[in-house]
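Reviewing the structure listed below.
Read from first to last, the chains carry the letters A, B, C and D; within each, the first residue is number 1.
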C-alpha cells in the first residue's frame, strides 16, 4: 500500500496526456490509421459516457469494425471510465473474441453481437443503466421525445421483458446469443430499447451518433419525468413528422457536443 | 417599505447607471479597446453559461455591437464552452456574417438577428435548451417568478409554437428570418420566451444582464417544479408590482454573481 | 487583518494541513489572535456555504463579535465564494459600518443587525436563497425535521411575509431596520425563518453551528420534498421531544463536518 | 434462460470463489500483510463512500477483522472523507476500543459491534444518512429493487423504529449495546435496514460488497422515487427469484466499480 499511492499518482497524470499523444501519432497513418482512429474514438466514447453519467462502473459501448462488418470492437470487462486503447478487443458476430488473451469478457457482449448480426445498418451500440431511463422501463409511461435533441426517440421506445425470452428465473443479464437475438428483435427499427429492471440499449450509425443518442435519451427521460410531475395537461411531444425531420438535421451537428465532451472527459 | 417607493425612480435608472459606471473606465479608450472589452465579456458569457449548465454542447449568446446597433457579435457554430475571442464573428441584422471566412455558422442565428431588428432596446440574447425550462414549454403550467432573483419573469413568459409560424412539418429550428421574426413577435415585451419542444430565448440590456436572466430562468423553473410537487395549495408568486420593483433592484447588483461565475468558468 | 491575505494563500495551497497547523498555532494566542480566529472562521464559513451550494452569488453569513456583543462581522457586498479576510467589515447593531472605507455594503445587512439586537443569544447568522427551501416559503406545507441532522427545525419554521411589514409594493429586500426588526420578531425562538419569495435566515450559537444549520436546512427540505413525492401516508417527523434531545447531541459533533467542508472549500 | 438454471449452482458459489481468487495472491503473505490490505481497503471504502455521496460528514464503514472474528476495524470519530490508515482502530464485540489512545469514538459504534455479534456471516457494515433513503424510512412505501444492481434488496428492507426499543424520548442515536442489539434483530437476514428519521445500515460479505450495496441502495431509492413520480401503474420490481439469481451474478463483478470509484476518490 505504501507503493500504491505513488503508482496511482502516475496513473492520474497519464490521463489526458495519453489521449493527446495517441491522437498525435495517428495523423499520418494509412488503413491501420483509419482503424486506429476508430479505436481512439471508441476509447473517447467510453470516457465521455462515464464522465457524463450515462454509465457508471457498468455499461459498455461498441463499434462495428470499419474494415470488416463481421467484427466489432468492445473493451474487455471493466469500468468504461478506465478504458484505454489497449483494453479494446475484437469480437465476431457470435460474440467470440478473436484474440482472447485470457482476458475477462463482458458477460453481456451478446447484446452487441446479436444486434450487429440482425441489423446491418447499425454501426455502434451503447448499453447502459443510465439513471433516468430505469424508471421508464418499469412502468407503462412511454418514453417519447419532448425536445429536438432527442428526436431519434420518435420511432418509439419498446420495452424488452426478459421473462418473455428467458422465463421467470433469470439473472436479468443478456448472457447468451438467444437472449441477445430476442433483444435485437424487440429493438426493431427503433434507436432505443428499454430493458425492464436493467437499463437500455441505444444504437446508431457511428460512434458520435450513438454517444449523442445515449446521452440525450437520459436527458429526455429526466426532462419528461419533470414534465409529468409539473402536470398541466397533456404533454406536447414532437410529432412523428417533426421527429423525422429534426433527427435528420441533428445528425448534421453531431460533432459539436462531441468536441466539448471529449475535452471534459480527457481533461480531468 | 416606506423608502422603497421614493427610491423607485433611482432604481429604474439603475441599469443605465451601472452601465455608465462600468463604461467610465473605458472612456479614454480607443474604439478598438471598447470593442475588445465587449468581445471578452461575450467569451466569458459563453463559458459561464456552459459551466453553470444553462447550455450544453448547444445554445448560444450574442451581444449587439456597442458601436453599431445594426450589427451583433456571435460565435461561429461550436459548443459555447469552447468559445474563444477568435471564434466571435460579426453579423448584420439579416443574419449575414460580415466576414464569413468560410466558417460554419449557427443555423439559428436568425433568432438573434430578428430580435435585434424588432426590439432596439435589447442588447444581448441567450438561446438555450436549459434543462428545467423544457418541461414548461410542453405543458400549460405557466412559468412565473417564485423569488426575487427571477423577478424579470414577472412580465410573463409566452410559449412559441413553431407549428403556427412554420407549419406542421419543421425540424424545430429557427432556420430562416421569417421564423426568427415570428419568434421576436411572440417574445413581445417579455424577458423570456419558451420554444415548445426546443428551449428558450432570454433577452437583456447587456451581457451580464442576459447571463443573469438565463441562469435564474433555469433556477426558477427548477424551484417552481419542486414547489408544484410538494403541493400545499396555491403557490405565492411575486406579484406584478413586486416583480417590477425587484427587477429594478436586482439590476443594481448584476456584477456580483458575474465575478463568481467568471472565476469558476475560467478557473477550470 | 493585513496579514490574513498571505495566510489565506497558504491555506489554499496547504489544505487540511494548513487547518491543523492553524489550530496548533492558535493555542497560545491573545485577544487579537482570538479575533483573528473568528475572522478566519467567518471567511471559511463563506467559502463552505458557497462550495456546498447553500449560497450562490448571493447570500451572506455574519458573526457577532466575540469581544463586543454590540458589533458583528460581515463581508462587504460581494459573492460569498470570493470573500477573503480583508473583505470582512465590522458593523454596529444599527447596521452601520464602523470603518466604511467607501465600500459597497450589503443592502440587507439589517437582517443581521436587527436579529443580533433582538436576540442576544444568537451569535451567528446565515441568509441564503438555498434552492430547496424557496418552495417551502411559497406554499402552506410546513418545513419539519425528517431526520436527526436537522433536529433544530423542531422548534418550527415560521414564514416571513414581507407584505405584512412592508406593504404590497416592496422589492422583497430587507433594506431598512424596520423590516429587519419585523423579520427578527417573526423568527422568534426558531432556528430558521423562511422569507416568502426570497430565501431564509438561519441563526445559531456560533459560526460552525450556523453553517451546519444552513446546510442541513437545505438537505432536509430536499429530502422532505422527496418524501412528499413518494407518498405512502403521513410522514413520520421527529417528535418535539426527539428534536430537542437530538439537537443537543448533534451540537456536540459540529466540528466533524466542518473539517471536511473546510478542506473541500479551500482545496479547490 | 435455459442456461441460467444449471449455472445457478456456480453463481451461488461465486461470492466465495471471488473471495478465494482475491485471496490467492495473498496466500504467501504474512499475517501482517493481510491485515494491512484489509486496513487499506477500509480507508478506500471511507473515501469512496464520501466521494460518491453515500456519506457526508457523517456515517461510517467497518470490517470484521480477517484474522479474528471477535474484532472489527472502524475509524475514530471523524468525517469518512478524511480517514487515513492511522485513524482506523480495533474494537471488540462489546464496542470497546482495544487501544483507545484517548481518541474520540463514534457514539454509534454499537451498530457495528452488535450486528457482528448477532450475525457471524456479516463481514462489513456501512451506516449512512444517504439522501435518497431517508424518505423511505419515514413513509410506508417499501424500498424494493427496481433493477439488477440493487437485487440484494430483494430480501426485503425493514424499518427500525427506535421508539420501540428506546422509548419516545431518545436522541435517535444507537448509543448503547441494547439499541444496537435491537437494530441487529430488526435487520434479520436482510442486506439493508432503514432507521426512521436517521438513515440506514447496510451489511455485506466483504468491504467491496458492502460499498456496492450502500451505493446501489442510494441509487435504487432515487430511481424508485422517480418511478413513483412518473406514475403509469404498478412498478415492475425484480421478483424474489430474479433478485436471488441476480444478486449471485452481481457478486462476481464487484471489483469492476471498485476500481473506478477508488481512482476517483483518491485522485481528488
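The rule is simple: a residue touches a chain if its C-beta (ideal position, glycine included) is under 8 Å from a C-beta of that chain, and two chains touch if they have at least 3 such contacts.
All of these numbers come straight from a predicted model, not from anything done at the bench.
Counting the residue numbers that touch the partner chain, subunit B and subunit C have less than half of them in common. The distance from the centre of subunit A to the centre of subunit B, with each centre set as the mean of the Cα atoms, comes to 34 Å. The centroid of the Cα atoms in subunit B and the matching centroid in subunit D are 47 Å apart.
Counting partner chains per residue, subunit C shows two or more touched chains at residues 224, 229. Pairwise, the chains that touch each other are A-B, A-D, B-C, C-D. Interface residues of subunit D facing subunit A in the complex, by the touch rule stated above, are 1-5, 11, 36-37, 39-40, 85, 145-149, 151, 219, 222-224, 226-227, 229-233, 235-239, 241-242, 245-246, 248-249, 253, 256-261, 263, 266-267.
Considering their complex, residues 50, 56-58, 77-79, 81-82, 107, 129, 131-132, 134-141, 168-173, 196-199, 224-225, 228-229 of subunit B touch subunit A.
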